[in-house]
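Could you have a look at this structure, given as structure tokens, before my questions?
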Amino acid sequence: MKDTVIETKNLLKEYRGRAAVKNLNLNITKGEIYGFLGPNGAGKTTTIRMLLGLIKPTSGSIEIFGKELRANRMQILRKVGSLVESPSYYGHLSAWDNLEAIRRILGVPKVRIAEVLEIVSLTGEETRPVKGFSLGMKQRLGIAAALLGSPELLILDEPTNGLDPSGIQEIRSLIKRLPGEQGITVLVSSHLLSEIEQMAGTVGIIREGQMVYQDTIAHLQQQAAGHLRLALSEPETALMTAVRRGCGGELQEGRLVLPRMSDARVSLLVKELVEEGHAIYRVEEHRQSLEEFFLQVVGGGEL
Amino acid sequence: MMWRALSADWLKIRGKGIWFLAFLGPLGLIAMQGLNFGLRYDYLRGQYREDLWGGLLSEVVPFVPIALYLGGTLICSLIANVEHQTSAWKQLLALPVSRTAVFMAKLLLCLLLLIVSCLLLSAGTVVLGLLLGFGAQPIPLADVLRIGFAAYAAAMPVIALQLWLSLSSRNQTLPVSVGLTLSLVSPFGVYFTEWMPLSWPVLAWSDPRPWLFSGAGLLLGLLVILPGAIHFARKDVD
Amino acid sequence: MRTFLRIMSAECMKIAGFRTWLLILLSPLISLPIGALSDMQEDRVITWQVLLSTMSAVHALLFLPVLSGLFAALICRNEHSDGGWKQLLALPVTRTSVYFAKYALIVALLGAVQLLFLAGVLGVGWYRGTEGGVPWGLLLNSLFGGWFACQPLAALQLAISQGWSSFGAPLALNVCFTIPNILIANSSTYGPYYPWVQPVLAMSPFGEERFGAFNLPLESLMIVVSGSLLLFLGAGLIAFWRKAV
């Protein structure tokens, strides 16, 4: 039995009758990096705001660390660090003072400030006013603020948004380090599959407020099924043979395209085609990329 | 819990011109009276010959309620803006701190700043009086303190309302407009009815029963804080 | 001129909305009960002149100066937040026309306030059965005078608001300078040179009960107003030319 850190049941949030999030069942296990994936406006941020108690769900329940959120909000938030959407900061204060303002509320020892600044490699910049920071530095300051209370659960909403490639790399490796080193559970949202693919163990895909997929990344990669393309001398008659054999298939650009099937069936079909006198020039397996699969999923295709 | 939030707020308002405003109000009023007495010294001195301190206070007092209302409006708006500007609410309210504590901390901060203003006003009045050479007559200390604080207590409903409005919306046009209007109308409130809370700061000085109006102000202030705090604790944070 | 009109229409769009209407209506609405209820105890009919001076007391003494600043702050606020200036000034427009469009809009808004105030005075006058016919000359003179006397202030506030990215700070400053009006209006020496008090000096009907700075001929006041208008508008424009966006 794995420890469940976040569990939501039939979460619904309506704005003026329009559902921003509906029937959302989120399930996140301790110590994993959970990638929350979906196009812009799919309801990721709304969900995250509900998880942090910033907005109230219209209906449904949220349990974090096995406790109901509404009733145990303070107790739960003490163990949660968060970064929601664009980084929040007080521009006129220095990085140090920004963290100090949060520290005074959390009541953690002062040394934590230096520690988290070290973790996000902002040491040396702490005395400058934050309004002069680059977006990447502000984002890292936001992560430092999220880490300040030594949380057991870290919720990061689009943490790499607007960063340059090296900044993305840095934050990605930082996030990947966390569960191993400190046993932190991480929920990270993104609209980029490649982002999540490189960090997360489990992925949840949300579309128009509804969860359309929730499983491990490995399983997702398997699901991205491929298909078989045959280049041969008389594609029309070959198609008829394939259909007769129950393989389905269609013609694309003069090639016979068949859905994914077992190795044995492929060999049987090819053998029969050869026996019928077709000249087979090429047999290619075309694997759908994960990105294409993702687009298919969020574009409304069925799984 | 609230003290923690307050000490964080204390840090956040640094360098925002909020302290400057809290000092500017009373010092401006005193400077204005300095000019007033400086330019018309002989005339005013002659007029208030009997009671020089009373005369000085009666020249300062008409400006106190309106200055308090305006100062309160602007301080509330500036305090709220610290959080609105980079939408820091979502960070602050996701911390393990109750929303009521956050609201009360902001209110307390605002009230503290205004207390500083009132103290400065009283101190400044004494200094101005001494500079004008009123030292020969005894300083009416109770009245000197009363010019600021009587109006302060009576202005509580408006201050609480302004904080509520300022915290509610990111766009500060509405709260600032409401505050400016209330401030500018307040000097004319006395002409209507003493039941109008807007005129209480004036009455808290001039009425024969001043404590009635200070007390009523504090009471109504508490009544306004309640729905404000409840609304703040329940609202969705964008 | 074409670009100027285009910028104007864009500016109108940006500030159109409930809040702006509320601000325009505010002062005329507040002067209604003041006009309707004043001097009720005396059982005689009041004259247009008295009515105008009662109603314009709050309006011109406090609201007009504050509104000039508020409109200026409002018009610059949209640009200061979310990088509006750089978007606007990267368009094929000259800074001069942008600045004048913003200024013209403030002046137009103040004009609308004055017209509504006129409607308010007429309404209250007819409601209370004010004695005699409507003294159009007096009313229009007063309204136009007040409107014109606001303009240096509007120019000054626009100059400050365009340079200061805070919404509250220029407002606070403006209000701080407005409050002393109550005192300065009494001074015939300093009053005419104090921009915040000029609207009320220009607006009050020049009856028999002149006192303090109200004792001044309108012409000399208007000369001071025109001078300061040119000064503030010019200074603001130069600052805007040099503004780094």
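The first chain written gets the first letter, and so on, giving A, B and C; residue counts start at 1 in each chain.
Note that a residue touches a chain if its C-beta (ideal position, glycine included) is under 8 Å from a C-beta of that chain, and two chains touch if they have at least 3 such contacts.
Heads up on the chains, UniProt names are B = Permease; C = ABC transporter permease.
Predicted model, so just to flag it, every value in this text is computed and none were measured.
*Asks:* Specify the chain most distant from subunit C (ABC transporter permease) by Cα centroid.
*Replies:* Checked the centroid distances; the maximum from subunit C (ABC transporter permease) is A.
*Asks:* Using the mean of all protein Cα atoms as the middle point, what chain has its own Cα mean nearest that point?
*Replies:* B
*Asks:* What whole-Å value do you get for the distance between subunit B (Permease) and subunit C (ABC transporter permease) if each is reduced to the mean of its CA atoms?
*Replies:* Here the centre of subunit C (ABC transporter permease) sits 26 Å away from the centre of subunit B (Permease).
*Asks:* Centroid of subunit A to centroid of subunit B (Permease), CA atoms only: how many Å?
*Replies:* The computed centroid separation for subunit A versus subunit B (Permease) comes out at 50 Å.
*Asks:* Go ahead and note the Å separation of the Cα centroids belonging to subunit A and subunit C (ABC transporter permease).
*Replies:* Between these chains, centre-to-centre, one finds 55 Å.
*Asks:* Which stretch or stretches of subunit B (Permease) touch subunit A in the complex?
*Replies:* Touch residues, subunit B (Permease) against subunit A: 4-5, 7-8, 11-12, 14-16, 82, 85-98, 234, 236-238.
*Asks:* Using the touch rule from the top, collect the residues of subunit C (ABC transporter permease) that touch subunit B (Permease) in their complex.
*Replies:* My answer: residues 19, 22-23, 26, 30, 34, 37-38, 58, 62-63, 66, 70, 74, 77, 166-169, 171-172, 175-176, 179-180, 182-183, 187.
*Asks:* Residues of subunit B (Permease) touching subunit C (ABC transporter permease) in their complex?
*Replies:* Subunit B (Permease) residues touching subunit C (ABC transporter permease): 17, 21, 24-25, 28, 32, 36, 39, 62-63, 66-67, 70, 74, 77-78, 81, 171-174, 176-177, 180-181, 183-185, 187-188, 191-192.
*Asks:* Quick one: in the complex, what on subunit A touches subunit B (Permease)?
*Replies:* 49, 52-56, 74-75, 77-78, 80, 82-93, 97, 100-102, 104-107, 142, 145, 149
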